[in-house]
Amino acid sequence: MFLLTHLWIILALPLLGSAINGLFGKTFSKSLVNTVAVGSVALSFLAAAEAVREFFQLVPAQIPFVKSYFTWMLGGEATAHPFRVDFALQIDQLTVVMLMVVTFVGMLIHIYSTGYMAHEDGYYRFFCYLNLFMFFMLTLVTGANLIVMFVGWEGVGLCSYLLIGFYFLKKSAADAGKKAFIVTRIGDFGFTVGILMVFATFGTVTFGEIFPQVGSISTPVLTTICLLLFTGAIGKSAQLPLYVWLPDAMEGPTPVSALIHAATMVTAGVYMVARMNPLFSRAPVAMLVVGIVGAITAFYSATIGLVQTDIKKVLAYSTVSQLGYMFLACGVGAYASGIFHLMTHAFFKGLLFLAAGSVIHAMGGEQDMMRMGGLRKKIPITYWTMLIATLAIAGIPGFAGYFSKDAILEAAQSGPHANLILWLLGVAGALLTSFYMFRLVFLTFFGAPRYDEHKVHVHESPKNMTVPLVILAFLSIFGGWFAAPKLIGGTDYFERFLAPVFASSAPVADTAAGSAEALTPAMSLMHALVSWPVAVGILGLLVAWYFYIKRPDIPKKMAQSAHALYQLLLNKYYVDEIYAALIVRPLLWISTNVLWHVVDEGAIDGVVNGTATFARGSGSEVRKIQSGNTRSYAAWVILGAVGFTALLFGLLGVAH
Amino acid sequence: MTAIPISWYLVLSAVLFGLGVVAFVFKRHIITIFMSIELMLNAVNLAFVAFARARGALDGLVFVFFVIVVAAAEAAVGLAIVIMLAQNRQSMNVERENLLKL
Amino acid sequence: MIPILMFMVCAALAVAGAVTLIWAKEPIHSALALVLVMVALAVLYLLLGAPFIAAVQIIVYAGAIMVLFVFVIMLLNAGVEERTNFSKLAIPGVVLAFVLLLEIAHWMFHSAIGRALANGANAPTTEASTYALSEMLFRQYLFPFEATSILILIAVLGAWVLARRES
Amino acid sequence: MEFISQHPILVAAVVKIAVLLFIVMTALAYLTWLERKAIAHIQSRWGPYNVGAHGLLQPLADGIKFLFKEDVTPPAADKLVYVLAPFLALALGLSAIALIPFGPPSVRFPNGEQVFSVVDINIGLLLLFAITSMGVYGVALAGWSSNSKYPLLGGLRSSAQMISYEVSLTVSVVGVILLAGTLNFNEIIAGNGQPGQFGQTGHWFHFIPRWYVFPQIIGFLCYLTSAIAETNRVPFDLPEAETELVAGFHTEYSSFKFAMFFMAEYANMITVSCLATILFLGGWLSPFPDTGIWHYQIFLPSAGLLALAAYCAWNTVSEMRGIARLQLGVVTLLAAGGGLICLYPPIAAGVQGPFWFTTKILAILFFYIWMRATLPRFRYDQLMSFGWKLVLPVSLANLVITALVIILWPYVRHG
């Protein structure tokens, strides 16, 4: 029970590592920095593992296990609902999943980074940020109330800003960092208001105290709260319409993209929605909105992914669309599936990014797939791992992604909140996903090399990069097999494990189980394997193979024939431009012409300068009294004496 | 011994003080101005002693004592300053000590 | 009879000295006039039954401070005070001074305290014994006394710093 | 007229002042004679010899000469101050002496007035210091008003010197004041002879007088030094260093004004001698105990006078010729008459105080003259550093130690 009662240790270790590296790293050798950074995260992982082990020994009554360390904020003690915020951590099934994912993937990516960043400046700075991110992410997932959670929420935002802008000398990187920060702020505003509304409504911000009383709250209020919270999720998890920062975030180092912008941070929104599921499940409208946003995002960003040539950009859009799936799951009430997909996605998407990073590493920084090709033989480990990840994300049966995505789509199709349109969008998205992913693979690893082989000498990455790849590949295959028994009519262990967390919301499992009851295992297996997602997955594979292996000329032809559409997709629907036109420029204009030139220069500076001018003017007038003539001073002194005496004797009446 | 009304002393002290003020304003020689300050102090002392006598208490005399001490200190520093002044700027006329003037 | 006579004489001397202080062109003459004022005041202190203060007045004021003045005047060979342009501020200064006088006079003769004083509240004719004075000075006013000693020390140092030659 | 009858005090005071003035003037005159004679004999010369027997009329002659010389006033001088200075000097010098009690207060006139002191006030010492502290003006003003460089330098020197030594002068006597616990001269003198707390007489071992000079020996030395400097005497006679400043501050003074400065200097000498006597040497107290055989000490004055008369008689008969023999004869008769009168016990008792007082003063004055004949003059910086760096610290230390002792053993004040 030690680590359950001292959950803070799990958080503190990365923070300690960050502090050490941040304060003294400059003078450390690289190996020492590695030791500190990786060591702290590894220890944190071990601690988390131990905590989970202890967690499994708890009786259901003790779950969620909350541990409060100290009262952080206390206000209005006198009032009925004092604003009281403890620094409290909690652990339940959901937290367990997040803990393991975050710490484990985080550790792997740390190890990977030691190889990937080996030749970069600011080595210690990078790991300082990365550890700090770990700290905040863990705070986010273990926080026992919205405020602590919000601390982690904003903290990861900060770290993402710092890491996107890691090459801050590169303007695009710095701008991307700013963009990420500002865009997410928009969402966070909603989130903050949501938190305040939660307090206003429930009189507390602690999860354990909120959920019991949701029943007594009217639906409109809950809907409002949920929508506000979801705004935050939209910003953080890059959903429509606030997804624009994520593709740009690829300016950051690839491990960062893998850890923050694929595996962990961007899924925080999903985690939050899942965490607040008692509220959502009582606000159908909100859930619908979540589902719609998720589904549209899933499809929409997949379409953009089709034509991108930058390997990381493709992955970025795919991330956006996968996140869309997660929200779709939440929207249709399949929170467990959403979290399931979150986990598997963490595995295979992290793997994809790392592999892509390995490719880029091998190509000496080249990111454009049009200048790659035929790398299959040169970097086999990268190739195979990436292939596995692709199969996983494409939803090919047997791979992790299959189980999670299938569960989501099934829930959308036949779940209690089933919705045909959402399901259709999801399936279409799946098709596109599989297509652009295999397009990526084929363009990168197959065909004739499209780069100057004399200039670029391709080489496989070092061990400390390939080992994480292999491990993640393993997970990308078997990470989803918790749900495997379901195929033959068994139960989804993952779902059952998470069931207590989502007990309040409609149990998705029942229908699935119910349907499974009727069928024999073989039937259910067939039913599962010929399901739409599998079909579209394979279809996408074939189409991609046809386009990019069999007839590589077709894509160009299509691009010319459907030029407008192609351009549209290539320019990501001109969303950035539209935002620029609709929001940024007007904002700039107002800021410049109104706030700056009128308000600031006119009013504020006017007041300030006016004061100064007045002071100077009056001073230059009064200064004439300061004639430097001693006797004039004397005269003034006497005047004072006379006045004082008059006051004393006359007015104050001392005389009488 | 016939008693002298205390107010006589007070009037005298007031007159002396006034004359000290006048001297302070009229005189130009820096040392003389200094002296007029001393004159005012003396006038105040007289008032102190007179009041002490009127109240039959000694506190007034103690204050006179302190005033004298302060005057001594003041004279020491002040005259040192005057010497500096005379050495640096050849005039002892306050009207010429106008570096502060704009 | 005699005290009143002495008071009259001393008061006249004091006023005359003060006027001379204003009138004289020579700083030395002003200094001597001031010494005269001080001596006259010392005698008045004797009349007021404060012989100790009278002695201190003469020793410290006339005997030390004014000697210092004279000494400085001689040292700097301060010449005759030049009659520069008549200061515009002199007139208001004088006026103010007289306003001050009037105020005090008014207070003195139109207030309870003033009248009480005027009506010969020359209460006890006993001399303030030096012993009692020292008692008060070294017990009740001990701290101010020590403070003045510090002040003197500071003054000495200040004078030394100021008057010493730079080199 | 009835004003006077209403105020007998005034009358008595005026009379006493007049008498004292006459005596002091004469004393001043003959002090110069004494000084010249003493120094002459120390330097194995005869000194004044021709004007009167043994130059006894020399002071008279000098006075007349001063009176009838032309009184020169430098044209550049500041007339008022130039005239004021000598008067100030002499007046202060003489008025200081008015505070000195020359004999025990017990001796009184029929109307209760003290015989031997003009005023007997309880802060006499303080007042004396007040007056002497004003003495600086005479010198300083004289130096300034002459409007000539040597006098100015002399005036500057003397004022600086006087200010400096006045401090140590004052501090050096505070020890005595602490022991005596009073500022009144008569009480201080009485304190000089108090019997000890162990019941013995006013003497240690029955013959050493319990004067403050013994416990305050350091104070006494400091006092003597400062006093010499205060009176601008050799070896501290910088203000009137003939050889450097051609007589310093009174270079420009001639005739009677010069005489006034001259007399003021000697008046100051007498004053400080009187003070030394009163504070340290028991004033008019007899050094001898008043027990047994010592009762006959009351005839010492007459004995001394008669001895003087005898010597003069022998001298007259053996050496004098012509007018001189007549003059010395007169002196002989005066001395003999005085001696005989003092044989009458009441008078003898009466003159005890003045006799001892005068004796002690003469001893100190002779010490002064002796110094002048012996010591060379200080250099100015030596003078200053001596005053500030030696005399003042020593007297301060003396004061502190005395205070400590009094705190530790309070009975020393009473014995």
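The first chain written gets the first letter, and so on, giving A, B, C and D; residue counts start at 1 in each chain.
Everything that follows uses one rule, which is that a contact is a pair of C-beta atoms (placed from the backbone, for glycine too) under 8 Å apart; a residue touches a chain by one contact, two chains touch by 3 or more.
Every value quoted in this text rests on a predicted model; they were computed, and no experiment measured them.
Taking the mean of each chain's C-alpha atoms as its centre, the chain lying closest to the overall protein C-alpha centroid is B. Across the two interfaces under comparison, A-B and A-C, the one joined by more C-beta contacts turns out to be A-C.
Once the centre of each chain is set as its mean CA position, chain A and chain B turn out to be 82 Å apart. With centres set at the average Cα position, the gap from chain A to chain C is 86 Å.
With centres taken as mean Cα positions, chain C sits 6 Å from chain B. The geometric centre of chain A is 108 Å away from that of chain D, both derived from CA atoms. In chain A, the residues that touch at least two other chains are 629, 631, 634-635, 638.
Residue positions of chain C touching 2 or more other chains: 2, 52, 56, 64, 68, 73, 75, 87, 89-90, 93, 96-97, 100, 104, 114.
Within chain B, the positions touching two or more other chains are listed as 21, 24-25, 95. Those chain pairs judged to touch are A-B, A-C, B-C, C-D. Here chain C touches chain A in the complex through residues 87, 89-90, 92-93, 96-97, 99-100, 103-104, 106-107, 110-114, going by the rule given at the top. Put simply, chain B touches chain C in their complex at residues 1-12, 14-29, 31-32, 34-36, 38-39, 42, 45-46, 49-50, 52-56, 58-59, 61-62, 64-66, 68-77, 79-84, 86, 92-93, 95.
Residues of chain B that touch chain A in their complex: 21, 24-25, 33, 94-95, 97-102.
Within the complex, the chain A residues that touch chain C are 629, 631-632, 634-635, 638-639, 641-642, 645-646, 649-650, 654-656.
Those residues of chain C that touch chain B in the complex are listed here as 1-4, 7, 11, 14-15, 18-19, 21-22, 27, 30-31, 34, 37-38, 41, 44-45, 47-50, 52-53, 56-57, 60-61, 64-66, 68-69, 72-73, 75-76, 78, 81-85, 87, 89-90, 93-94, 96-98, 100-101, 104-105, 108-109, 114, 117-125, 128, 132-133, 136-137, 140-141, 144-145, 148, 151-152, 154-156, 158-160, 162-163.
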